[in-house]
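Structures for review follow.
Next, two complexes with chain A in common: one pairs it with chain B, the other with chain C.
This part shows the complex of A and B:
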């Protein structure tokens, strides 16, 4: 079961979000087929999520320096709570791909890597008239940007891909 | 909270952290060769050479053989490719950031050049503080069949797009570098050499309020 999916760019901005939250809109037959955006009516959630991962990641970087000099590959991979698991993948360019799921499956790193290499690369990176950097000026950096990926091909392909994992 | 065990995708990244010197060099060689063989769709070489040739030719026409402007334009086209190509590269390799320029030079030559152009430039002429090095292009697929006209020989860097690609790609992994040709066999020089100089490592942004 997948609850939500997020992408953050190197400017700490959320550039994509989709939620498949059960319960809040069970009357809507389309609730499962197409993800909702920000169903909790709280745009702080994305910022809080990023903030938590950012802080945890800085802590692990500090811990790894005390263990050895090598900081390679000591990023957060997943975080678990009593109810769900947060899977994360960071690229060397500073993008974060984040998937929130239930406990059924341990490891979603293949899924995150597939989204990056087959969906994000094709529909955003190889699409030259779409921006690759969503913050146009310093006012949109450091988590203050609001621009999102609104490319139809990207959204449709991603939703179709995640669809199979919803239940 | 718990951290999950390492994934198969990034095990090579973990492997690589334990390797140094010659071992690391061998590792990247095999790694790059493997990706070239198994994960890359090949294109017709002649079509590739002609596509690049026609770009340079069109620029010569547009800028009335002002070679300085042509160099600049090739560089900026390369930059626009580089900032995107780096994501493609990372998606294929899943490599983490390099801790020093020595590893950066290994990844550029044995993995990046291998994967995208099927050549492996030689790394040479390190500065004493190990932040500047040269890439010697023994082969250059862009320049095959090319013979520069006499007036272009002193000014045109025919393959300048490569410098732009490197600039854009490195900048996206927070390495601010100066990159440029210092010699080219097309100009009658003994070798084709690109100089890469690290200016500074850019800082990752942190969310407002976290500092």
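This part shows the complex of A and C:
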């Protein structure tokens, strides 16, 4: 079971968010079967989620340097709570791919890597109509505003890929 | 693949044919190779680059005009106003910075911003828009002419253009040129045998990842509206293959002003759309009449 999927950029902003548990209120026939995409009501949750992962990651980074073992990447891979697991992947370019699931499967790192290498790269990086940086301001520090990925090919491919893992 | 038989009608024994095929494969291997993804990105990068060049050129002109006016005014001043002039010059440079944000965006604007602004500028400043398209086309023409040299006039023994008519040249574009530049062949070639050709590419490779970014989730928007906007954004990218076709024809003896080449979007079968660029491209190539009778006499 997958609950939600998030992408954060290097400016700590959420650039894509897909939620499967909240019902969508729109009466549009083209709307999604369930859940929401890039919904405003998830903005705050996104910030909290990123904040938690960011601080946990900085702790693990510090721990790894104190052991003075720089060979092993000490990024967090997953966080478990009483009800679900948060799987994370950070790319070298500073993007975070985050998947929130139940306990059925231990490791989603391959799924996250596939989303990055086959879906994000193909439909966002190679797409000349997509921005390279989703921040509205080139000197983005925090909170100057950000665009979201609203690219139908990206959304459709991601949807088709994750659909099989939903239940 | 009986590659050599396409261009050589003369009879050959089986052994000769095999030897030729082997030599052709060796030729293929001897061609310089480059990473496909990288190559296609560089080809696409030509479009925003052209916008940047045009921006810089027009900016330079505006700046020059400004300084000319200024120096004309200055000639009436005496030396005492030198200090004034220096401050004026300083002002100028600040002004130039302020002016650098043209309606086509800054030189340092990201690619996607330039592309969006370019498609908006069609109505605002047609002249500039056409200049940019022409620059892209010219680059394509240069690639085309050089490519022919690379594919024919080096050591490819299988291509013999002495007896080649227009149809064979078009086939050469569809098969060899397209294969070497875009990694695939043209899907369909139609002709009326009077100098008009339609080259159809349902999956023009450079565009396959292209998809418009909207402000809201695309499923909430009118599909036709999105498609129209997307086509407009992509149009400048079609000038490059148009230029390549014209360049190939140019170096094979068809001058630029004798060839009309236009690219249009066509619908492609629904089952082939599947999360890729939703339109196929049709290149309409026309050789003007003044050039044709000569060809037919031969």
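Going forward, the second predicted complex is superposed on the first by the 137 of 167 C-alpha atoms of A that agree within 3 Å, B and C clash if a C-alpha of one lies under 4 Å from a C-alpha of the other, contacts with A are read in each partner's own complex, and residues count from 1 in each chain.
Methods note: a residue touches a chain if its C-beta (ideal position, glycine included) is under 8 Å from a C-beta of that chain, and two chains touch if they have at least 3 such contacts.
In this text the structure is predicted, and so the values were computed from the model without any measurement.
Novice: State whether A:10 touches chain B only (first), chain C only (second), both chains, or neither.
Specialist: first
Novice: Who does A:76 touch here: chain B (first), chain C (second), both, or neither?
Specialist: After superposing on A, A:76 lies in contact with chain B but is clear of chain C.
Novice: Which holds for A:163: it touches chain B only (first), chain C only (second), both, or neither?
Specialist: neither
Novice: By residue count, which of the two partners contacts chain A more extensively, chain B or chain C?
Specialist: Of chain B and chain C, more residues of chain A lie in contact with B.
Novice: Tell me which partner A:126 touches in the superposition: chain B (first), chain C (second), both or neither.
Specialist: Both chain B and chain C are touched by A:126.
Novice: Just chain B (first), just chain C (second), both, or neither: which does A:116 touch?
Specialist: Only chain B is touched by A:116; chain C is not.
Novice: Based on the superposed arrangement, let me know which partner A:64 touches: chain B (first), chain C (second), both, or neither?
Specialist: It touches nothing on chain B or chain C.
Novice: Where does A:92 make contact in the superposed view: on chain B (first), on chain C (second), on both, or on neither?
Specialist: The first partner, chain B, only.
Novice: Now for A:107: first (chain B), second (chain C), both, or neither, which partner does it touch?
Specialist: first
Novice: Which parts of chain A are touched by chain B and by chain C alike?
Specialist: Common to the two interfaces on chain A: residues 126, 128, 132-133.
Novice: Inside the complex, what are the residues of chain B that reach chain A?
Specialist: On the chain B side, the touching residues are 1-10, 13-14, 16-17, 80, 83-84, 86-88, 90-92, 94-97, 99, 172-174, 204-208, 210.
Novice: Which chain A residues qualify as touching chain C in the complex?
Specialist: 26, 28, 30-32, 37-38, 122-123, 126-133, 138, 147, 149-157, 160
Novice: For the complex, give me every residue of chain A touching chain B.
Specialist: Answer in residue numbers: 10-12, 47, 50-51, 54-56, 60, 70-73, 76-81, 87, 91-95, 106-107, 109-110, 113, 116-117, 120-121, 125-126, 128, 132-133, 141-144.
Novice: Going by the contact rule at the top, pick out the chain C residues touching chain A in the complex.
Specialist: These residues of chain C touch chain A: 37, 41, 44, 47-48, 110-113, 115-116, 209-220, 226, 230, 233-234, 237, 275-276.
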